[in-house]
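Okay, so subunit A shows up in both of these, paired with subunit B first and subunit C after.
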Partner chain A sequence: MISGRLKEAIAGIFGKVDVVLAYQQGFDKLHATPCFMTMPAQIDKLIWNPLCVHNLTGYLPSLKKKKVAVVVKGCDSRTIVQYMEEGLINRENVVVVGIPCNGVISVNKVLKETNHEPIEEITFGENGKILVKTLKGDKTLSLADVCPDKCKTCQYPTPIVSDFLVGEPITSDKSPDSVYADIKEFENKTLEERLKYWEKEFDRCIRCYACRNACPMCVCQDSCIAETRDPHWISQRSKLSEKFMFHMIHALHLAGRCVECGECERVCPMGIPVNKLKRKINLDMKELFGYEPGVNPEDKPPLYTFNVDEVTIKEHKI
Partner chain B sequence: MADTGFVQKEKLKDFLNELSKGAVVYAPCLEGDTVIFKPFDAAATLCLDRPANNPPKLAMLPQSETLFSFKYKKDPEDSRKMSVELEANTDFPEAVIFGTRPCDAKGFRIYDRVYIDTNTPDPYYKGRREKTMIASLCCASPSPGCFCVAVGGSPAYREDSDVLITGLEKGYFIEPVTEKGKAILSVPQVEDGSQYVEEAHKKQSESHALVNNPFAGDGQHEISRALFDLDEFWERVVSKCLSCGACTYLCPTCYCFNITDEQSLDNGERIRSWDGCMFPHFTLEGSGHNPRPTKFKRFKNRVGHKFIYYPEKYNGVIACCGCGRCIRHCPVSVDISEIISYLRGSQFELTNESSENTGVDTNSREQK
Partner chain C sequence: MSDVAPRELRIVGFLCNWCSYGGADTAGVSRFKQPTDLRIIRVPCSGRVDPLFIVKALLNGADGVLVSGCHPRDCHYTDGNFYARRRLEMLKRLLPFLGIDEKRFYYTWISASEGARWQQTVTDFTKRVHELGPLHVKKEVAP
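Up next is the complex of A and B:
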């Protein structure tokens, strides 16, 4: 069992770090929750299963002064790589406990399958079979049907960086072309259709900033343009223009930085597909600069540097 | 006229369309997989199966509203003199909040004490409140994270609604609770409900037992002030908090606001908009000092406001209605009911841990 081996690995790290970031059971059977473990007695509470959806690395920049061990999935590990590229963490202060991952669940998709009934019991079986018990009866689901979209095209099931790897490495069997297939399809819509789509989606936004705060790469924190009064970029009105502006700035600040962990979209209480914008910009960055965020610690993010001769930008050739 | 009414399932949309003729009807509608309260129109898809993601508070406390607009005017005789023209609108349309849950309705009672039952009632809130009818739908089954029965509510709690609606096999049973609520019986689609009384009351009592009570079995324990004032406690329970505003903005009992002047060259508006105590800017003072500089202090305030400060001010009324939204929609599943359980000492796990390992003996502090 991976969780048994994970507990062993973490028991071995205790004492060498100030805090261990891992998962424990949340308020119901369908939710895990991040736990900040500081005492060996907490190890028993630790869990590892497809409920462990959160990207725990987002806490690292705020814990920069501490020695931290963090449990990461393949996708989460890209954040650590990106932090290294941008100098946002002291790598020597972070112990990365990597777990090769076959996919996690999307809470919303499971709830949709079970008509939003409270889950009495959820069991993860072999080959991605999930047995869900509710007061209204049992249901068998397949992980492939209820995983977040990012898992369907995952290229990095095994963490790219780790100090301990718990479990055997997994190689992705998903086509690299599938990653942006949905974005390319979306781009086929006309400008008017796309504008209409986003206006409808952003209209629901309540400006709670869960997407921003859950984003591991949103590091401006209290100085976000969404809230500062001086300079006064965005008013406190709850009009579409304000919401639109905030989301555009959020997306643009992540150009060539977004590691596509999908936390922004997962946490949105209003179900707005905010990750789509960021992935669109990442696709542009990939096409323009041949750059993919969070895959190689030696990389330099394109907007962190300047080349007189950009090979892929023809217009700039002298 | 009959005391109760009944609307057949297939007539519900007609009923709402009829209601919409004389009032803005806020109803839970589907957008994708999200259920949101918004003004109902014929194109909307109603969703009454589960509580809406957002509470209906926007109907009486809009996310952002203009308190007044202002315009500077130059004196034509003397260009050095300026006058300011102010314009305020406190005339609001009739409104109905349809299909909200009894817990959400309870939230409005919590606002009333602050915005109306004072010597300076708020004309905006009061104006909307007086023109709004709350028609709540009794919960047939609990939602993940909800705990209304632990904070004095129930799935069929009627006190704070004008009308209580119960979903039955063939339609919706309608019981007016207040004088204002009786008006709903005169809508053409409403027929006599007397033959459904028994079925409805049976349904109402059934759902009560299904709701989780995280405080059950802890007797009459009060919140431990010693534990509440212990910094280590908050660091332990809310380290994972992301300091976003999902909990406060989705809370039917959170009512804090910000006031800003949104100004252009010679005119502008004074705006009142939602604000949340989880944001660092909320208490940031002009001097640069912030009395609640950490998320631990901010979270403590949120819990304190709902479970200590508000009850102290208003006859022990808890300012939490147990709707569970802050738990369900929290990005990292911070569970306020679990935190209250710890504070009431009904679960000692956390305090035992801290006494063993951090050298803080919370039990002995409690006795001091």
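Up next is the complex of A and C:
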């Protein structure tokens, strides 16, 4: 079992690090929650299954001065690479325990399938079969049906960087073209349809800023310009232009940096497709500069640098 | 104003202090005729122009945004306009995704001596924005 080998690997790391970031059982059977372990006695709390959806690497920049071990999936490992590109962590202070991942679940999708009945028990079988027990009966689900959208096009199931790899490496069987298929499809709509779409989506925003708080690359956190009074970028008024502006701040501050971990969409209480704008910019960065965030630690984010002669940027005519 | 004259639109121009602002000044000193829809904001360098400036302008009532800086390799601060070029190109590609016509945003390079070129750019860009019409129709109707 992977969780047994994971416990073994982490038991060997205790003593060398100040804190271990992993997953434990949450408030009910359907939720896992991050746990911060400092003593070997805590190791039995640790779990590993498709409920472990969180990107734990988001804690790393705030723990920069400590030695930290962190459990990562393939998608989470891209965040570590991006942190290395931007110098936000000291790689020698981080012990990366990587786990090749076959996909996680989306809590919302499972709840939808079970009509929001309280979950009594959830077991994960072979070949992505999920058995859910509720008071109103059992239900068998398939992981492919209840996984987040990011898993459907996952290109990096095996962590890109890791000091310990628990389990056998997996190669992706998903086509690289599928990653941005939805973006390209959206671009077939007319301008009016697109503007209507975004106005409808952003109008639902309650400005809880959960997307920003969960985002591992939103490293300004308390100094975020969405909340500063000087400069006063957006007011507290609850109108569409302010909500729209907030999402533009989020998207443009992540231009060419977003590692597409999907945390922003996962935490959004209103189900707004927050990640779409950032993925559109990522697609452009790939076309213009051949850059993909969080893949190669030697890369430099495209907007942090320039070429004197840009081959791919043509001058515009009026 | 007569009813025949087209109504003025709001166009915001971010001009770098060293080249394009000088170019606009040259055009003024030479008494070139220019459209009056443009409001100029002087910035130290085109590298100072955060793409959010442009988005904020477009979302809050501007019908078009023009950004102009020194020609590549002529930047007063050596490399400000090189960074600007990448950022502005990124934004230019993002705007249509949001449903805002990319023709409402234009970025170019104009030096302090190019008064005639400045006049041409402003005239052409203003004409293009007028063809597209106002961006915020609904808001203008409501009192």
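Going forward, the second predicted complex is superposed on the first by the 314 of 318 C-alpha atoms of A that agree within 3 Å, B and C clash if a C-alpha of one lies under 4 Å from a C-alpha of the other, contacts with A are read in each partner's own complex, and residues count from 1 in each chain.
The criterion applied here is as follows: a residue touches a chain if its C-beta (ideal position, glycine included) is under 8 Å from a C-beta of that chain, and two chains touch if they have at least 3 such contacts.
The shown structure was predicted, so the numbers you read here are calculated from the model rather than taken from an experiment.
After superposition onto subunit A, partners subunit B and subunit C are found to sit side by side with no clash. Contact with subunit C, but none with subunit B, is seen for A:186 once the two complexes are overlaid on the shared chain. Counting the residues of subunit A that each partner touches, subunit B and subunit C differ, and the larger count belongs to B. After overlaying the two complexes on the shared chain, residue contacts for A:256 are found with subunit C alone; subunit B is out of touch.
Contact with subunit C, but none with subunit B, is seen for A:284 once the two complexes are overlaid on the shared chain.
Of the two partner chains, neither subunit B nor subunit C is touched by A:126.
Contacts of A:92 after superposition on the shared chain: neither subunit B nor subunit C is touched. Across the overlaid pair of complexes, the angle with its corner at the CA centre of subunit A and arms to subunit B and subunit C is 90°, in steps of 10.
Once the two complexes are overlaid on the shared chain, A:35 sits against subunit B while remaining clear of subunit C. Using the contact criterion defined above for the overlaid structures, shared-chain residue A:271 touches subunit B, although it does not reach subunit C.
By the touch criterion defined above, A:44 reaches neither subunit B nor subunit C.
Of all Cα pairs spanning subunit B and subunit C in the superposition, the closest are 13 Å apart.
Considering their complex, residues 50-52, 55-56, 59-60, 72-73, 79, 82-83, 85-87, 89-94, 96-101, 106-108, 121, 124-125, 128 of subunit C touch subunit A.
The touching residues of subunit A, when paired with subunit C in their complex, are 186-187, 191-198, 233, 241, 244-245, 248-249, 251-252, 255-256, 277, 280-281, 284-285, 288-289, 302-303, 306-308, 310, 313, 315-316, 318. By the touch criterion stated above, subunit A contacts subunit B in their complex at residues 26-28, 30-36, 38-39, 41-42, 54, 58-59, 108, 111-112, 115-119, 135, 200, 204, 206-210, 212-214, 221-222, 227, 229, 235-239, 263, 266-267, 269-271. Taken together, the subunit B residues at the contact with subunit A in this complex read 31-34, 36, 49-50, 53-54, 62-64, 141-145, 210, 236, 239-240, 242-246, 248-250, 258, 260, 262, 271, 273-274, 276, 279-281, 325, 327, 329, 331-335, 337-338, 353, 356-357.
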